[in-house]
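Next, two complexes with chain A in common: one pairs it with chain B, the other with chain C.
Entry: the complex of A and B
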């Protein structure tokens, strides 16, 4: 912890970075994002096992980018988000200063995207057993049961868009749901509006979601939205051999075309 | 009217709910729904959860639902024929077991929707709603009602308030004419309270953490301090969770949903936290960045509301802080504004 404060204080004082995105103690025992811009603020940095939020969602926010070069304490989901954002040309190599806390508490600084790729190769990026269990439960349902499950969940949705705002991959300047000419998705938080919004969002994250679960954690109505995108990860891997957020130069499975692509799924 | 004080036995609550049900009231109360407690219609007392500190969403949805039809229309060759929706077409409702802060939230909504032009969709529903609040015997660190003029036993906005004064008894305060009418439905279950019955000793202890007058003054005078608002809001991710769970946030959007033959006009919750909220057709956005939107949220509640109506537009329930994915804690922010 002290090592982190020391490093960040140095980085800020020699102006290597303009802001460091890390964690601080929040309210009611929560841990939250901290944007350290000077040595005083850096004193509040913490680095422990409560630092689970994926901070990569802040990297593309205009007001944060304006603060200068960004340093970030990236956990595994954040590192994968950075890789995915890089592959989508949203972050340039070496534009960020990326630190990660290793399981033994030591810190690693990455000099470039390649070193992050190497680090991720040896990291556990699998989903938890609890998540696997939930997915298995969903997959064992009949189509009708599954539809009922999601209908009940979506009924709770108030369309606050916290899921979208918390998602590091939902960075579109104008989300499909905000477009009104034509109006693709009903604005209302009624049955159809909620269903179309969540399915649209899940489909747009197919092959891009790095399963950090921020969408579900952000939901004030406790909708397990991560299960929607998780369920798309395996089919994408099976059909296209891609896992999101592992390579900075990966091509996005659903937006590339090769003349020798198999077309056996076209009827 | 002068307040009346009575005693009701806990054991008689099922009867009380039964009376309202059989009188044709739609009874809404906190009920468990999956992992959360929400205000929903109840058939019997057994479904009601009275020990939850707060429901996830506020009570505002009773009179200001997230989606509400305000007009129907037919699209004919000769033009559009409108079919108005009758605002009176709402049932007599009992809102039972909400907290004093929720009841108090309706006072802000009454001012907003009652202002010219009066919003009949809200007002009629509110008019037909009787509110029985339960005073708070517990609070958590997000609560700050006492800092914004409320309190765990505040009766503003309630028609009746029940305070648990022993494991068996509730102190009943009959506060309004509507409350008196409702109490008549269960008058036989009420007994006189002994003189000097004091509810305050049974209430939660919620410490005052800031002087609200300071918040109003400092928020207003800091309007142009962009650094200050940026500092406050860097963590904000720009969703609408705070506004949608807030008992006093009243902003809405109107959307037409139609096919080639007919359509409906819907009134939907909206939030000043969204960038789209102020986006002009020209592409210009007067609140271009999140710090300006956060400032608007604070200014509306602590500067514009006191200026326009009576009092601040915040009841200190802390729902926004609990719901915030980024831990924007309004109590903390207001404390720092007051201390500026």
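Entry: the complex of A and C
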């Protein structure tokens, strides 16, 4: 922890970076994001196993970007977010200063995207066994049972869009949700609108979701909406051989094609 | 009781299936009249939201049809569409929406007969499945909600 504070203090003092995104102790024993802009603020930095939030969600926010070059303490989901954002041309190589805490407590600084790719190759990027089980349980249901399950879940949705705000991949300046000519997503929070909103969100994240789970963590109604996008990870890997957030120069699975793609449902 | 007549919406590409459906007509081949054809420039243009809106507005079944692979007028629109449908079908199935209600097909401008078959078979299948009750229920709740909001 002291090593992190030392490094960040140095980086901020010599103006290598304008802001460092890390974690600090919040109220009620929670851990929250810290945006350190000077050496004093950097003293509050912590680095322990409560630091699970994916901080990459802040990287593209205009109010953060204007503070200067960004340094970030990235965990595995955040590293993958950075790779995915890079592949979508949202972040340039060398524009960030990326640190990560290894499991033994030591820090690694990445000099470029290539070193992040190398690091991720040996990391565990799979969804948890609990999430796998949940998906398997849903898949074993009949269509009607699944429909009822999601209907019950979506009924709770209050359309606060916290899932969209928390998602590091939801950075469009104008989201389909906000379009009203035509009104793709009804504004009111009713069953049809909620269903359409969540399917739209899942579809727009298909092949881009890096399974950090921030959407479900942000949900005040505890809807397991991360499962919608997690479920698509395996089919996309199987069909198109692509996993999001592993390579900085990857091509998005749905913006390309292979003439030999196979399916069994088109007449 | 009157037999259930499903409402089918067909989203077809301008260059192949639309011409194919035209050929069905000019060849005087009779096929089920349940289908409403909507012409698109290419299957690549058919966004998944459009299909969801068709269901929302009361379609019991949907046909999506375009040029055969390698025959796309824009060379790769149907390849992109195919990838999208593979993913979208997976998502619909996982969300508990009957994927049987959406029929995908490739019908070229020379396949007037195939178009009649696709429509007839889809109508038959949707008749067996019955009305799209799940979706209609949700639509009704949406209508009530919106009316309630406007009268406040």
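Just so it is clear, the second predicted complex is superposed on the first by the 256 of 267 C-alpha atoms of A that agree within 3 Å, B and C clash if a C-alpha of one lies under 4 Å from a C-alpha of the other, contacts with A are read in each partner's own complex, and residues count from 1 in each chain.
Everything below uses one rule, namely that a residue touches a chain if its C-beta (ideal position, glycine included) is under 8 Å from a C-beta of that chain, and two chains touch if they have at least 3 such contacts.
Keep in mind it's a predicted model, so treat the numbers as computed, not measured.
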Mind working out whether A:218 is in touch with chain B, chain C, both or neither, as first, second, both or neither?
first
Which holds for A:16: it touches chain B only (first), chain C only (second), both, or neither?
neither
Which partner does A:52 contact after superposing on A: first (chain B), second (chain C), both, neither?
neither
Which partner does A:123 reach: the first (chain B), the second (chain C), both, or neither?
neither
Output check: A:90 vs chain B and chain C. Expected answer is one of first, second, both, neither. What do you get?
neither
Is it chain B or chain C that touches the larger share of residues in chain A?
C
For A:186, using the defined touch cut-off, is the partner it touches chain B, chain C, both, or neither? Pick first, second, both or neither.
both
Touch test for A:160: chain B only (first), chain C only (second), both, or neither?
first
Residue by residue on chain A, keep only those touching chain B in one complex and chain C in the other, then list them.
186, 188, 190, 193
Spell out the part of chain B that touches chain A in their complex, as residue ranges.
33-36, 56-57, 66-67, 140-142, 230, 234-235, 237-241, 243-245, 253, 255, 257, 266, 268-269, 271, 274, 276, 289-291, 321, 323, 325-327, 329, 331-332
Please give the residue numbers of chain C that touch chain A in the complex, ascending.
48-49, 52-53, 56, 69-70, 76, 79-80, 82-99, 103-106, 118, 134-135, 137-139, 141-142, 145-146, 149
Can you tell me which positions in chain A touch chain C when the two form their complex?
138-139, 141, 143-151, 176, 184, 186, 188, 190-193, 195-196, 198-200, 202-203, 206-207, 228, 231-232, 235-236, 239-240, 253-259, 261, 263, 265-267
Quick check: in the complex, which residue numbers of chain A touch chain B?
26-28, 30, 32-33, 35, 57-58, 61-64, 156, 158-162, 164-166, 178, 186-190, 193, 214, 217-222
